[in-house]
Amino acid sequence: MSETSPPAPAMRSPSLPTGPSPRRYPRPALSSLGLSPGKRTRLKRLLYQYGPGGGTLLILPIDQGLEHGPVDFFANPDSLDPKYQYELAREGKFSAIALHIGLAEKYFHEYAGDVPLILKLNGKTAVPSDSQAFSPLTGTVEDAVRLGADAVGYTVYVGSPAQDRDFRQFLDVRQDAERLGMPVVVWAYPRGEAIAKRGGKEGLYAVDYAARVALELGADIVKLNYPVASEKDAESPAPYNSLHLSADEAFRKVVESAGRALVLVSGGEKVGDQEMLKKVRSSMDAGATGIIFGRNLWQRPKAEALRVTREIHAIFREYAQPPA
Amino acid sequence: MSETSPPAPAMRSPSLPTGPSPRRYPRPALSSLGLSPGKRTRLKRLLYQYGPGGGTLLILPIDQGLEHGPVDFFANPDSLDPKYQYELAREGKFSAIALHIGLAEKYFHEYAGDVPLILKLNGKTAVPSDSQAFSPLTGTVEDAVRLGADAVGYTVYVGSPAQDRDFRQFLDVRQDAERLGMPVVVWAYPRGEAIAKRGGKEGLYAVDYAARVALELGADIVKLNYPVASEKDAESPAPYNSLHLSADEAFRKVVESAGRALVLVSGGEKVGDQEMLKKVRSSMDAGATGIIFGRNLWQRPKAEALRVTREIHAIFREYAQPPA
Amino acid sequence: MSETSPPAPAMRSPSLPTGPSPRRYPRPALSSLGLSPGKRTRLKRLLYQYGPGGGTLLILPIDQGLEHGPVDFFANPDSLDPKYQYELAREGKFSAIALHIGLAEKYFHEYAGDVPLILKLNGKTAVPSDSQAFSPLTGTVEDAVRLGADAVGYTVYVGSPAQDRDFRQFLDVRQDAERLGMPVVVWAYPRGEAIAKRGGKEGLYAVDYAARVALELGADIVKLNYPVASEKDAESPAPYNSLHLSADEAFRKVVESAGRALVLVSGGEKVGDQEMLKKVRSSMDAGATGIIFGRNLWQRPKAEALRVTREIHAIFREYAQPPA
Amino acid sequence: MSETSPPAPAMRSPSLPTGPSPRRYPRPALSSLGLSPGKRTRLKRLLYQYGPGGGTLLILPIDQGLEHGPVDFFANPDSLDPKYQYELAREGKFSAIALHIGLAEKYFHEYAGDVPLILKLNGKTAVPSDSQAFSPLTGTVEDAVRLGADAVGYTVYVGSPAQDRDFRQFLDVRQDAERLGMPVVVWAYPRGEAIAKRGGKEGLYAVDYAARVALELGADIVKLNYPVASEKDAESPAPYNSLHLSADEAFRKVVESAGRALVLVSGGEKVGDQEMLKKVRSSMDAGATGIIFGRNLWQRPKAEALRVTREIHAIFREYAQPPA
Amino acid sequence: MSETSPPAPAMRSPSLPTGPSPRRYPRPALSSLGLSPGKRTRLKRLLYQYGPGGGTLLILPIDQGLEHGPVDFFANPDSLDPKYQYELAREGKFSAIALHIGLAEKYFHEYAGDVPLILKLNGKTAVPSDSQAFSPLTGTVEDAVRLGADAVGYTVYVGSPAQDRDFRQFLDVRQDAERLGMPVVVWAYPRGEAIAKRGGKEGLYAVDYAARVALELGADIVKLNYPVASEKDAESPAPYNSLHLSADEAFRKVVESAGRALVLVSGGEKVGDQEMLKKVRSSMDAGATGIIFGRNLWQRPKAEALRVTREIHAIFREYAQPPA
């Protein structure tokens, strides 16, 4: 496919939800994923042995100190100390905590075996311009193995002018992960000027494309944002510029594009409780496997964060399924 | 979470010192750091067996000949000969001397076993523009092992447009250091145009971010400058643009952001004695593990430098703690 | 020259001590050894910064559990727990403790930085016949570096039919040690049928030859047993079969054969206090650099072991010399 | 310390020669350099066994054909044939000849063992702009070993925008040379726009900085140009902009900045005999170890070149010293 | 060629000296050897720049401490300290000293550049039975390069049952030496039961075969013993069993078999002065390039050893030739 905006295909019969009551879409079954024994062992641990279980994922990310800086910790000063998040993950019974090598090396030893680890393998600061967005490696799959992690995380900037380096760097990570039986979680983010001209990084066109790219490149799990409808959608390539889907429909669409890559919904900035819990439920209805919520949870005092976490657990129980 | 600069969160209750009398904040305990035996052996040697001991660090750097040029030695012509600093380190009972491969290969053999060595692994000259600041490798972790060094040093330019290459280069250093049990000291320096637009490289925003980046990337020890308040703070991202912290509060803040990376305070340019000793005490109060003072010490005649060093030792004795 | 056993040369004037009062022979000066900076740093640490200092070495070995089996711990049941020896080494201010990888991995982290480590790199059990004596590797120089060791140990069985493999294996250890600046301590033990026919493994011929082999192969330090005179000496090659040296003269002879390899005297089985202290003094008189006493020390209750250790420290102080 | 160009420190008492009669400054003693046996063997050969001896170096470079092109050979057409320089080096009893791989492979075999070889490992042509000056590798340290060379040469362009790549490339050369015991001669040349703005590549600031950079990066020998005073000095950073040193004082200054890197004086373009011999004497007075004169010698007919070479030998005899 | 005893060839016209006055046979010219530049450089250094020069070689070996044990040093106790031989080599102006890695690492640094080094790369002790004679590696060609050696030495046991391992081991040494331009000296020794049955290791059959094996395997220089006529010659394969050559004729024969491998004559055990000097002269007449005399020289007090060495120099001057 050429990288210029493609002509609008005739849209035959979109597999989108219809009718008044929301349908529940199935998550991909573990047995369908063609996983090597190592990946299967580790994924099953995350899906069934730790966290809410029942085939769901509740991930606590704490890479914001690198990606945004300490600024994100002002809202809840306790959260500046990584022990806060580690303890929240343990007490809140999360499926895993996701973070960079430094926070793993210095703190994980106190929680090893209690909280599964997703080692984030690349990252960058918020300081240099995002115009050539690219996250260099900060760790390796071997680091993850050495530390006893159960998955690795990697950010791909779909559409960035630096995409070629990004794909190449990801190739090595994916191959190491394959060789060592380590599941790969892809943070799939649209970025760059060309994306901006096609409806923006939060538009359905961009998020949908990112979901598919993650699948195509070999992600086992993909972290996706909810597409946000806006007037910029009009600049999206056809037929995106005229789809007019609801938020739930749009998210359902990207879950479908992710295929057999399990979908994690990103929390984004902190929002109100009801809005957040509604998003959890909608995501699960749409076929997501779980959520990856950071600031929405740890930008709160711990008691409050735990209370909300319990509510999420309750919702997840409704979506629990036995291993297949 | 999104990776663009986030909006200013509401600031709840910053964990900063309050009240009239300065509080002493604890340094991270060695036993909490999750260190491999080799890192632990070497760090313990620096913290307890050499130098002032008691868990403190007094480091003499002499990389200015490369970073600034011989110009820094004019103030004390004796200091042009590296033996001056080596002898100052030995007589002044420093925890370690920090320098590049050439000064190690040619001079260290006369001081081996008497003064621990921190081999600085990357550096650059002051001549080319700093706009793409990046320090290429001048030595390797294997060089450090071969020379009998007890730690390695690495400069990260946080925010530089060349940050990609820097993170990637650091990854290799960090992994070699992990494999060989060698502690890593990160010189964490904000740099580049984007930093200049966010309050400048000496502002709290920049230094605070640099402290956290060092922690996230896996530094065992981080060298930090005191943040300097100025009118440029107004250009910092919120809430930094309205914090108005005292110098001590600001430094306390960055020590906290460094987490379990032990903090060394940079001396910067030579200042008066009282100001310098006051800085030492404030730093230790704020939870720093020690200081890395170069020009403030070796830009003086030796007798004077030793006199001041003795005063630093005396202060450090107040902060001495048994190994834990 | 031919490489078969040569005929006995006429002995002109053996450089052996004469007269009633024992002479003190000098130890090789550190500065004469042609050491790389790394070896120099680490050796100087052992000789001057830890242990009795003054250029002496007091080493506590605990490889008997592998070499002899737990049988050696019956005499002092506390000694079965490796912490016993570690604590003895720390409290008794030993220059280093010498042991295998397992005892290093599992226990050393609690003593890292307090007691220097000599990682023993090869060993065997007492069970299979000694007729083809050969100690395979149990660790590597990189292990030693990673653990923060200050030297490595290697057993050479001089004269064993498996000598070929032994020399070849040692070559790799020696080269890695050279590359990484790690001093090499050679346990030089005569072994095998051919040795048995030439006066036995404790005879002067055998020990003298072993000392020289260690020097020729590149040992920095060599552990030697006191030659034991016996009627078997008559079967030694000339002129050894007619030398009739005293124990002190014989040991002086082997120290000289070791040349610039520093000599450690082996303690062997436990003997009485006075005999042991006399051996310490005689060894130092003969030019030894120190002692490596295991069972003689840790087969006692700790209070008693520490008392004897203090007496050894007192003797060593008489032989203390400044670094040269 | 900060790594930006620092403000001018107050200059206390520069360690420069004073008074009417020129003082002789000592060269670094071979024994002080901490050399491995291989570097020591090869350097001693150059300093004492070949060439003028007595610890001096007389080097004939012939890399101008690559660096400048055949244009340099017009002045003396015989010099176009590399045999001319090889024979001059042999008949004139030079300490070594310095050249690139092609001139070594094709011609050196006829002079092997008679004239020591310094294999130049990087170079470039004069054709592309010097604004990003960088010399890529043309040979390796293994090439030098294979050819029987006694040293390798490497050009560093201090201050060039390509300094990053240069330092990194030099790192590999330095490590190979250390591993194989091969001395490293650094051609230390200031270059680039930023240098031009700070008094130019021939100014004292630039040459002094280059001398120190070579020392810091690990040069065993550094080739330096005489600093040239000019009105551009006023643009140098303080205090260089107001030093007003004589040519001899300025050169003495850079020799001191080179520390334990032995200094070779560059000849530069051809000058008159008396001026050249005066420069030789001044350099040796200032503590240089020798000279590296190319065009000044081989741009003459051989008889004349040999006559001048004999005069240089005569001067060097005055500076001869026994090995130390 | 089969390895069983070949049938007796008809002997046409052996190229042996005839008539009353001994003829001088030429040594192979350096230019005829097809040497790489590195080998040529190093060999020329040994043949012309150090030692007696004029294309001759005077080598002092000191590997007897390993091969025979300290027993060889009794005749001259001073010789037990390797400095004795090093100083003899320097004062006696030897072409090189030949020894193992330990004596190189610990002592060579004091003589580097003054006495060329031949690093002996394999060896064994005299203790295990010689029936499977094989010398394992004790060093590598890279060690030799690193130490600044000018050649390497290797013992081949021709005819030993372990010959297959020996040839294979030599292959690697020879290839490394070729790659790094390092001349190879082969100690060619017949050994083993099969040799014993064919006239013994000192018989002409065995030595002649060993000379040819060294040439065939790629030796640059071969160390050979004088064949010794005895009644065991009768057991040699025809026609060796009926040649009845004089000692000089026999040696001439083996020199011819060595072809373009330069021949060093072994000294063997110490003999009287006149006998030794006669052997030197005979060897040179027969086309040897030099001698390798150990015990004959260093089993004497130094003054005496130097006197004899001067006599050897005087003889060598008669055989001096310019480089060709």
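Note that the chains take the letters A, B, C, D and E in the order they are written out, and that residue 1 is the start of every chain.
The rule is simple: contacts are C-beta pairs under 8 Å (C-beta built on N, C-alpha and C of every residue); 3 or more make two chains touch, one makes a residue touch a chain.
Computed from a predicted structure; not experimentally measured.
Setting subunit B aside while every other chain stays in place, the touching chains sort into these groups: A | C, D, E. Traced through touching neighbours, the fewest hops from subunit A to subunit C number 2. Looking at B-C alongside B-D, one finds more C-beta pairs in contact between the chains of B-D. For C-E, the equivalent interface among the listed pairs B-C, D-E or A-B is A-B, as over half of the contact pairs agree by residue number. Shared numbers divided by all numbers used gives the overlap of an interface; between subunit D and subunit E this overlap exceeds half, so the copies present the same residues. The greatest centre-to-centre distance from subunit A, using averaged C-alpha positions, is reached by E. One simple way to say how far apart two chains are is to compare their mean CA positions; for subunit B and subunit E this gives 60 Å. Here the CA centre of subunit A is 73 Å from the CA centre of subunit E. The distance from the centre of subunit B to the centre of subunit D, each centre being the mean of the chain's C-alpha atoms, comes to 36 Å. Inter-chain spacing, taken between the CA centroids of subunit C and subunit D, is 49 Å. Shared interface positions of subunit E, i.e. residues touching 2 or more other chains, are given as 105, 108-109. An unclassified topology is adopted by the chain contact network, corresponding to no line, ring, star or complete arrangement. Under the touch rule stated earlier, the contacting chain pairs are A-B, B-C, B-D, C-D, C-E, D-E. Listed in rising order, the residues of subunit D touching subunit C in the complex are 34, 36-37, 179.
Residue ranges on subunit A touching subunit B, taken from their complex, read 61, 63-72, 74-78, 80-82, 100-103, 105-110, 123-130, 133-134, 136-140, 142-143, 155, 189, 225, 266-270, 294-295, 299. Per the touch definition, subunit D reaches subunit E in the complex via residues 36-45, 47-50, 104-105, 108-109, 112-114, 117, 142, 145-149, 179-181, 323. Listing the residues of subunit B that touch subunit A in their complex gives 1-15, 32-34, 158-161, 163-165, 167-168, 171, 174-175, 178, 190, 192, 194-195, 198, 205, 208-209, 211-219, 237, 239-240, 256-257, 259-261.
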